[in-house]
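Paired with subunit B in one complex and with subunit C in the other, subunit A is shared by the two complexes that follow.
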Partner chain A sequence: MSTITKKKGHEPLFHLTKRSSFPGWAAWIVRLLAIAVGFIVCGLVAYILIEDNKKKPQDLMEFFEKFFTSFYNGSFKLNPSASRRYNRIWEFFRDTAILQCIALAVTPAFRMRFWNIGAEGQTLMGALAAIGAAFYLGGTVPEWVLLLIMLAVALIVSSIWAVIPALFKAQWNTNETLFTLMMNYVAIYVVDFFLKIWVPTDSSLDALPHGALPVIENNYLFIILVAAALTVFTFIYLRYTKHGYEISVVGESVRTAQYSGIHVKKVIIRTMLVSGLICGLTGFLFAGKDNTITTTSIGGQGFTAIIVSWMGYFNPLMMLFSSALVTILNRGKISTDFGVKGAYEDVFVGIVLFFVIACEFFIQYKISMRKFHTATKEKEAVK
Partner chain B sequence: MEKNIALSMRNVTKRFGKVVANHNVNLDVYQGEILAILGENGCGKTTLMNMIAGIYFPDEGKIFKDGQEVVIRSPKDAFNLKIGMIHQHFKLVDLFTASENIVLGVDESGRYNIKDVNSQVSQIAEKYGFHIDPHKKIYDMSVSEKQTVEIIKVLYRGADILILDEPTAVLTPQEIDRLFLVLRRMKEDGKSIIIITHKLHEVLSISDRVAILRKGEHIATVDTCDATESSLTEMMVGKKVSLDIDRSEPVNPRPRLEVTGLNCHNAEGVQVLKDISFTANSGEILGIAGIAGSGQKELLEAIAGLQPLDSGEVLFINPKKNKPVTFFHKNMHRVLELNTRDAFTDLTGNPEPFLGKNRGQIRTMINTGNILFKEDEVISLRGLSPLEIRSLGVRLSFVPEDRLGMGLVGNMDITDNMMLRSYRKGRAGFLNRKKPKELAQNIVKELEVATPGVSTPVRRLSGGNVQKILVGREIAFAPKVLMAAYPVRGLDINSSYTIYNLLNKQKKNGVAVIFVGEDLDVLLALCDRIMVINSGRITGFVDARTTTKEEVGLLMTQNHADEEMPSAENDETTEPAAFSENAEETESEPETTDTTADAPEEAEEAVSDDLSPSSQMPEDPDTAVQEDAK
Partner chain C sequence: MKKLIALVLSLVLCLSCFAFSASAELADVKLGVILLHDEDSTYDLNFINGVLEAAEQLGLSEDQVIMMRNIPESDACYEAALELVDEGCTIIFANSFGHESFMIKAAKECPDVQFCHATGTKAHTENLPNFHNAFAAIYEGRYLAGIAAGMKLNELKAAGKLKGEVPMMGYVGAFTYAEVISGYTSFYLGAKSVCPDVVMKVQFTGSWYDYNAENAAATTLIGAGCDLISQHADSMGAPTACEDAGIPNVSYNGSTQEACPNTFIVSSRINWAPYFVYIMNQMAAGEAIATDWTGTIATGSVVLTDVNTQAAAEGTVEAIEEAKAAFINGEIKVFDTAADNFILVKGAKLESYTADVDDMGDYVPETEVVFEGYFHESEFRSAPYFDVQLDGIELLNGAY
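Here is the complex of A and B:
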């Protein structure tokens, strides 16, 4: 057109389009890259934040070397200072296994879009029940009977704790997020209450002599095997059983579930029962591992499990990776401080996870930048 | 007369991932013309319009407005260029009045003065012939009124190019006529109007030119006066398509589903069904016509066991094809009742053995064993859940209106969606995906579903293909009753005819088909009988072969005229007293219920006429028994 005057407005700098397909391997590369970038950013932040100038390495490369070595040692390496010769790699797998167990517990409910954020309390109640059994029955019955009793009471108490919010949700459509969250606090005070009964004078309960988990090879393998079995079970349960199918349908749309004849209330209660049972099993593992209990025994892993489950797309096998990543970060962060203020450790985990989650956006969407050639053409046209 | 180009697109391309929604589209819109955009589902009509309206940004190509190249980054840019779009789904604030919605988001200097807005709105309405009350709240409005607000909203902002995305899909014939009148006035005023619609006859009646898109490409723009329905379809589909619906005469229709006196309230406590009674016959398509939201959805859901009833009865008559058995029945009332269901035949199989016989003769016939009894299983579906209904062996299929929110699970693949209604079968505990997979493959093959494979999530498919999957699944269970709510909504010509053919095939197989539709032309061409409802009550039954669109249209809006009800929507918000009035009226109007009477009821009348000496007797079963005891 000869009559072209000045073009009105500018092309936007970038716009987003949804990717139709993205190969799986490429997605994994993006995720690994995101983790790497997260680490580098963390390092830079740490470098800036170091207050003590004596500790501050002059060379940035030197700093990064120290940063990563320290992180690696924290996560995996044999602990040279420890008096007991325990193997940090085994410990890493055990921690991953425990986190994976709690994450598996919340996953069926999440698949149903039932936002159960009460795994902390449910697990704690299971652990309390198991410790209670060990406290009262320890020494009076054979050790294997005691373990079975501990497991049974843990399963029962945890599932009760989980089913209560489900009943309210099914009957009166209460908000499960608030309900399960509040149940966590109730659980903490219940533990406090029993501790006051069991140890009225002391501040904490000493490790009980009875009710320790069976030792296979070492203290860790039992828990790892339980978690592995549980992962396979949950995977099959969600993918290949009618229950799992019902959970998915209810999660997608309650209307569709009703249309297909699914008893929605029943599915909600049953699924939370499954969640509660897995929490009970995990609580039993906690009790058998520590042989004692405090109000902070679970240490917030019930909440960490939520992000593990999300990052694994509610797929038990994918969650193995996310729980391992979160465990690496949580363990490694302990050794990364170079005279930076304490809260930096959590900032560190937060930054890396932020990158991991944000990278999913780039897997889903493509960003088209303003095209360079149109910009140059424009200039020519103006001339 | 030399016409000026108002808007033109040059080589516009838009991709979504690998999918090319629009490819090198060149399109001109003149001032003062109505341009229709025609194309199959997923051919990129809406995407193209969204690029003009600033919702999407083109990957390539240029847009010119009045000869000047423009960049439209947002709807706001579009408004500044005087381009306005009226979307298929209205974007209005329910609690605001018409004027408040119209002025919402307008950047104007000076003080906000609603009075000025009201008067301006009235002026615009007067100029183009709209009917609107600027003070009326949106929640009080009918669909047509809401649409009017949307159009005025665009005009208020001074738009001279209006884009309407399927504006007629939700309107009655009368409302469509009114809309077209308004559009013509706007055209005379020099506005350019772009209208997207699937209905060919509307294209022919309203537009000046037609632009046809196929698979994202602009095939041609033709003058409407040179086009015919078949020429347009051919361009649209790329091959010749037959546009006739093959309607066969119902073969041996028998009552299959009897609905009597249904009343129900929805979750908000509004009465949505009022005294609905009808019979659906086997081998027949019963159409249900009505303005959107008149209770069609609730009616079907009530039958399917998804909507709790206040009162009423839903009877499913399961035909027994077993050999007729000799039957001695002492209760004449029961005999007469069963006779209405064609339960009796004589020894030669004649279905009306009692015709013209009196009570004594009937009793003799029964006692001498000259009558065969074929008792259909009558199952009450009232208060049963969908699962209970199925476990009773009632093969009732339901294609709900909300495909992805109710009929299918969007994130699941085709195979998993196949077993939505049947997954309980088979080995305990574990799912068996083998048969559903075979079924999925069959449906994909037979109904020509465009999908990469059976493991593609349903959400990724286009509307027509989603619907084929849903209808295919519901038909695969060999239903006795098939209910379909708006099965062709949003579907293009080709897919629509696939669905019509499927329904017709079911009808020929003796299925009682209930078809809720919105396009009256289709209802008239496809159905055997049409039941018209308005505001949850039946306003009439018509024979689809002899009725006219106008007659059905009048029945659809009867309430408005007869009872000065402002609108269908409004009706639902009025106080309960209004409903009881309605209910009484329907009760006192025998002709409304009379039309539900099918062959069997006529038979009953015939029988009771012949029994006139003791016609009061059959009403009371006890007396009948006593009499027999003597």
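Here is the complex of A and C:
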């Protein structure tokens, strides 16, 4: 047990102690409660902030019902048409899968305490490369060959984009947070540049006729299966391989890693290469799903993935839950159902995540009030 | 007398039945709207206001309109369209150019639902009975705004306040797309119709919305000796630069008079409400929607704000009204190739021009659009395709 507050002199009102044993099931109850409270606070905030309009129920209970239904409908509502009955559920799993993929991409670097916040740009570059391949080669080679080429160039370009900051970090100890962040903006302008070449007089690239992802059962399952396989792979890679162990050691302490004979520079570059490859695969999924690209194709998910990875304690299996939670929040239909700006939806994502992160604090630490503490001290004094 | 009363009563009954059945049919129409952004973007706000205005005019109920905001130009647009179909929408509208191919994909999958797309170019070549394009002849509005600009230049000229020998206008453009070229050319021609020796410089920003770039472009143009500025971009960048420099400004997409009381002259914009009213009424009546619909001054789709009499030249309001009436009567054409010393390309009249009307991704022009003495803009399809470079208009940069 390590105490944070100092015991000298005046006794503080409360102090924090790190919990040594908090049962897993209890932690999950706390988390679920935090999510529930977060949603309720969202509802209250929405009730107060959303100006009166015809779509807003006046009664608080009715408002809450509509508010929560909106989130439920976004991900789980069954469609009336038989052919699209389960589409929203499929889309929910597909969106979760894509977010999970990007979160998996940043995780190895995070475990190494290499703050890669460039997943947005790395994924975008992969998607750009894949779309480029489809643009130039579509129709001239068999479809499966085209898909393989798209995948290959996406992997190559994304990993180059990820390894550049790693090289600078390893060689000159540059700040990787700023470097990877800036690379996002460079990527956006590279996409702009190529769009100007591909579509000189229009403002966007029409969906390309070639290079769509293979259809397994439906348009969603392929992406979901890829994400599932990638989750298992990353879990094993981080947990049970020498590489994974080296990443953890470098993350704990660079010095320790050096003394134990780990080539730190090599680990940094290799790990970012893994991150880049996963981003490349995800970029390929984006390209095959959309068959077009814009500067906003990734839609900020490269940044959302950071918080998903953190909330999952950098554990690929735990991250499945955080990906799913964020996806439910993102798929909420608040702006449509209440006729308000899209910014409201972002606010609600923020509020719920705030509660989830805050609850982790209470799972990790115990708060002891002064009274309790002095009592134990007196006991010690008696002894 | 009794007969008369009976007649009147039966007439009333018939009419009310008719009215009832018509409104009952309108009540069956459900409109889904897909928007690229939300109210924070002036472009999307203009559509949202159009939808709300149309809904009010038609007396639509709250659940007859569903608006989905922040739908990107990707497969998400197709998914949003299908979702709207599943929510019971019978007609679905999307507002961004890049939505088009995804709307077509949805239209092919749902033949019973009508799909309308603003600013698109493919409806006339796709030949789908349920996919339609729409745009407005905003060049008519810009021509009217150009008249106001030309009159202001005449006023400055008469007062000896011109910066150079000839009246010079500056124009801040977004991209070198036909939509922008058609826009600045019609603005130039409007000015030229009242101020024959006017010339114009154009500076592009490479963005539809970039305050700093638009502000800088306007400042550059003012520095290059322009007596008046107009723009085709969505931010307050150019109007603000004009107000700061005391240079008259002809705005776009709405009045900037509040922020620029001394320099704002007039602004043109597209009003989408008439189109929404049109498609809803066609649906209610069971009539087909036009494959390409071009809103004009006559349909109420192209509108001008009030003229700021503090900045505008005397008689501007009357001159605009006069030209407006002439447009409605079909007496004047913006791209009049027959008039002497009006539309000149390398010193000669424009006798013939092939435009890229069929957007097959080849960028190969194929349609002759100059005949009967004028350039037939927005007639072969609703989206603009005028991209001719006229004498008297100088592009300062053209990389966009």
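In this text, the second predicted complex is superposed on the first by the 328 of 383 C-alpha atoms of A that agree within 3 Å, B and C clash if a C-alpha of one lies under 4 Å from a C-alpha of the other, contacts with A are read in each partner's own complex, and residues count from 1 in each chain.
Keep this in mind: contacts are C-beta pairs under 8 Å (C-beta built on N, C-alpha and C of every residue); 3 or more make two chains touch, one makes a residue touch a chain.
Treat the numbers as computed from the prediction; the structure is a model and nothing was measured.
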- Message: Just checking: does A:315 make contact with subunit B only, subunit C only, both, or neither of them? Give me first, second, both or neither.
- Response: neither
- Message: Between subunit B and subunit C, whom does A:299 touch in the aligned arrangement: first, second, both, or neither?
- Response: second
- Query: What is the contact status of A:70 with respect to subunit B (first) and subunit C (second): first, second, both, or neither?
  - Reply: neither
- Message: For A:248 in the superposed arrangement: first (subunit B), second (subunit C), both or neither?
- Response: first
- Query: Given the touch rule stated above, what does A:256 touch, subunit B (first), subunit C (second), both, or neither?
  - Reply: first
- Query: So, does A:200 touch the first partner subunit B, the second partner subunit C, both, or neither?
  - Reply: second
- Message: List the residues on subunit A that touch subunit B in their complex, please.
- Response: 1, 3-5, 7-12, 15, 17-21, 240-245, 248-249, 252-253, 255-256, 258-263, 366, 368
- Item | Complex contacts: residues of subunit B adjacent to subunit A | 15-19, 57, 59, 64, 67-73, 77, 81, 304, 306, 385-387, 390, 398, 400, 402, 405-412, 416, 419-421, 423-424, 429-431
- Would you mind writing out the residues of subunit A in touch with subunit C in their complex? 54-55, 79-81, 84, 87-88, 91, 196, 200-207, 289-292, 294, 296-297, 299, 335-336, 339, 341-343
- Item | Residues of subunit C defined as touching subunit A within the complex | 37-40, 62, 66-70, 72-75, 79, 82-83, 85-86, 88, 96-98, 100-102, 105, 175-178, 208, 356, 359, 361, 363, 387, 400
